[in-house]
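You will see two complexes here that share subunit A, one where it goes with subunit B and one where it goes with subunit C.
Now for the complex of A and B:
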């Protein structure tokens, strides 16, 4: 019963969610979709193997041409193919980390809020400690000690350190939901705790969980690219960070080979932008006041901000020059001038 | 004062967690770090070997795990991080001493500048939500989403390689000047740190601005702001003394978390510029598999971030009566 209500509620509201999504978030969805698409079909359409070295005489650090659309690296590798494979690997890693981390943070957050007492204190303290310790140096040391680097170790390490953000907000939200009447009703009717958590608590935190997932994917992209950039990865697999690692190793910037480092960097940046846009969209759904649209209004040709005092007639009918008043006479707001509502204010 | 004491206790716990993790990581990872090091540095002297075993442990260590741990804690408290492997027999702490000031000054100054600019812009954008400044936010968010080091690559390419306006990297020009408290060195160092600082400011300004804008919009809706407007106070007074002053507190609370992020980004960015700070030291340690150095750097960064957080807490306690009042509860 509870399940069917929940499910039908979700499906009927999907169209509504899309309609209410702020423009920013829609742009984010499309941009991110583009990269997902590139990740799926990229490896099928890429013109070369990313590791293939074109040994022709003029193929080293060649400018973009019909043969190599994004030019070549120092070893004559096709940059376009590297970027397409890179998007695939980086996105795979980030989404996987996002799923793992979201599951962990929901588990930790809900557990802490439900168990309460000493468990809550310990888990919260742990969460806050992990939040305050900068993650990247810890990641570097952890990865540095592992006998081999690559996709899987990076995913493990990123997941291990990524959960505190989500856990903290989810714990706070669970604490407030836990005391609502419908949860009390479920408990009184003899529902088991795990059923309350899965069917009463979690559905009410979907937007929060979504935001934390988006945030985590953003963190995973940034961190994995940074780690690969300093060489803490399998430098022969082509993630976007590895491409940039070779850019740095082979002094592409000093040789002014912009075609080599702009595409992979731009791919990382645009993926990040799409996620930031998505997230600020989710924020605005949760807090409608943040919406920029309709914030200011135009009354009688004057821009009125929410923070301005209520306009009076005298302010609206400002002085106009001869040409100005002629043009103004065509506007709808000139009707307002001819029928002074409040009497002789001027 | 108990607010500060409680925060202090929390930071001590955090520092302890970091130190403990640092102790157990090399002992817990699969594989044997000692083997990796021995294959990398085949002719280690016995002293280096001994120093190494103290920091990393492994099969060659004497004593129980507990006594190792106590010895390690004792070393860390006295800032004794062992001996560097790549530059044996230089102590790790000497190398840290040389590069830490570079990073502290650069990251500290740039972060404060970014915080000031971002907060001011956020106040204005929040006051006029939907206005020109507010609508330029997505552009700034683009800069925020760019990885620090990629922005650094672009800046180097444009300002240094193509136009030769600024030096491409390094901390100072060794041919002209030597480190010291002389004007020629300081001006030279400022010239060399302009691009790195610009990178940090450009990529972190949008974050501050967005957060300040959001808090500002919420604050403007409060009754006391409306009351101030009804009294007919000047706009500047309402914005800065009524709304922004209160909106600043969440901004400060976010400072600590954002700082860790900025430090992480700045470390990687230093590598692009070849800036002689902690980040470059870390890169060299990673490529040389110089484990004692890696661990020491991790601890130093954690300590620096914790101290910065404590300072922010002191400022919050100074500004926010609620934080001070919490001690009564």
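Now for the complex of A and C:
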């Protein structure tokens, strides 16, 4: 009996979580892992300094070659090195913003909901005020006025404007959890408030917090690239946004220098995709019902969905082969045809 | 009495990573027109899987591995051959459901959509399966509520505004929307208190009389079936252990498991006695079993039990006046002879007259 409990994954180990992860989340993990790796070892292995200008003849806007794998920019800078450094800086910034924002939103959200009363009023008001501030214009104005431009002010400003969404979501979730019986039991048995929050409330919100973290990282990548693209950060530090800024400044698109704008653009897009995919995975870990409603099974080479009628084994085996059932799966909507009028069979 | 739904040799397995769970194994069960057949067994015995497998409503990883389910309805066969539900394509099945075979699902709480009014949910069913114009469909919905004794004023209520009993009535009304010939009821009264339960049961019987449909009634409550059902099938670990009329099951239970069930609830009158219950737990359905699955818990267990043939055979005894093949009282246990129980536990006539 005990064996079957373990086998059925009630106590899921890491391996079990991985196995139960939907395919797209696995793709997300690999993709994001690739970018993290690129960010860690990229700057160590990059062939040139991203700012180094190759002044040799034909080195300006050169096609990809053995010397410059991704080609060069107008100033003869190596695009590969710029992209690798860009991934490092952008990811660094985004993860830092993610951590700061998540900490703030958990603090504000949980405190507001759990303590209630005046705390809730004040913190909710604050959250709502920050929520209605239109983020991008304020970012532009703030960064335009700040004396020093670069990573740190961008991180601070993005964090300052990024937390209210998470705080609201976490406040709402905390409100539902704080009224559950197990919290009441903890309170009645004299547990301290911080202990209830850390051991009863937060663990129940882990998937929510993780999802909010991933979302924030996504937001930070988008916002920082956008800000750098319009030139509001230090244009000499090589984030992906800055690379794209110079792409724009030096008319790379007009001169068909695809090797210059496609790699950084693709890097930004794929980072975003990987985070979206990751988020869907976190969603399904935190909400098993999502998984169950989508669970299909493969029986005799046929993919059976919950909306299909229960298959009969003998027919499955007789009908189509693997390829046939694969092709048929595209016409599944045809099974949802209207019933003939009058409900007559045949 | 003509058979309307004949389940023969039906087997259903769930394909799980830990191996196939044989939830229903070689089950034969016949439902006659206008009859109430009770399907009884403890949790996990496969009674719901049997009913949903026969109507092909199970979700993956369930798969029907064997058998046939022949349906002989007035509307579709019209004197012709019965149709086999297991060879139907999805389109035919869809035409079949609700019009021919309807289901009252287990918990009215979860089966009703909490954000739609009762009226809209009933309308959905009526319009999807009857193709009536809207005003006629509305009339139909109102008469459906009349049928189950809910005032028409409740049409615009949301499910949470109804009591548990009313919700269950709405579910029954919904199942009857397309005037089906077979209604499968999956524990329709389990979450209700006994008073409401009785109310609903007598209503079901009344509806059955007026609308003339057959009922397959699934429950774990044998005492309830003894009152309600014409015939009772006792299920255990995916197999049928005994079938018979309620009178036979009550007076002369032939399988030790049935005897155990009958001894697990008190009788209304008669001498006080110790309730026996059945020790142990049901077996793991993943490992293939030979012989009788009930043997480990059986008081009458003997060596031959491990290789006994589990097909149902007529009960030997005085009550086999019927010709071979038509005996109604069948048991899977060849060793134990039925014993008249000391006394009927529940008076059969008492409640529903």
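What we mean here is this: the second predicted complex is superposed on the first by the 262 of 346 C-alpha atoms of A that agree within 3 Å, B and C clash if a C-alpha of one lies under 4 Å from a C-alpha of the other, contacts with A are read in each partner's own complex, and residues count from 1 in each chain.
Here, a contact is a pair of C-beta atoms (placed from the backbone, for glycine too) under 8 Å apart; a residue touches a chain by one contact, two chains touch by 3 or more.
Every value quoted in this text rests on a predicted model; they were computed, and no experiment measured them.
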Let me test your reading of the model: by the given contact rule, A:231 touches which partner, first (subunit B), second (subunit C), both or neither? first
Between subunit B and subunit C, whom does A:51 touch in the aligned arrangement: first, second, both, or neither? neither
Could you say whether A:43 touches subunit B, subunit C, both of them, or neither, answering first, second, both or neither? neither
For A:269, decide between first (touching subunit B), second (touching subunit C), both and neither. first
In the three-chain superposition, say which chain, subunit B or subunit C, touches more residues of subunit A. B
Once chain A of both complexes is superposed, is A:150 in touch with subunit B (first), subunit C (second), both, or neither? neither
If we overlay the two complexes on their shared chain A, which of subunit B and subunit C does A:305 touch? Say first, second, both or neither. both
Go through the superposed model and pick first if A:247 touches only subunit B, second if only subunit C, both, or neither. first
Which holds for A:135: it touches subunit B only (first), subunit C only (second), both, or neither? first
Share the list of subunit A residues that count as touching for subunit B in one structure and for subunit C in the other. 295-296, 305-306, 309
Can you list the subunit C residues touching subunit A in their complex? 12, 15, 17-18, 52-53, 56-66, 75-76, 83, 86-87, 90-96, 99, 128-131, 178, 284, 286
Using the touch definition from the top, list the residues of subunit A that touch subunit B in their complex. 24, 125, 128-129, 131-138, 140-142, 144-147, 218, 222, 225-226, 229-232, 244, 247-248, 253-254, 256, 258, 261-262, 265, 268-273, 275-277, 280, 283, 287, 289-290, 292-296, 305-307, 309
Which of the residues in subunit B end up touching subunit A in this complex? 10-11, 13-14, 17-18, 21-22, 25-26, 29-31, 33, 36, 127-131, 134-135, 138, 141-142, 144-147, 149-150, 153-154, 156-157, 161-162, 168, 210, 214, 217-218, 220-221, 225, 229-230, 238, 256-257, 259-261, 263-265, 267-268, 271-272, 282-283, 285-287, 289, 291, 294-295, 297-298, 301-302, 305-306, 309
Partner subunit C, residues of subunit A touching it in the complex: 1, 4, 7-8, 295-297, 299-300, 304-306, 308-316, 335, 337, 339-346
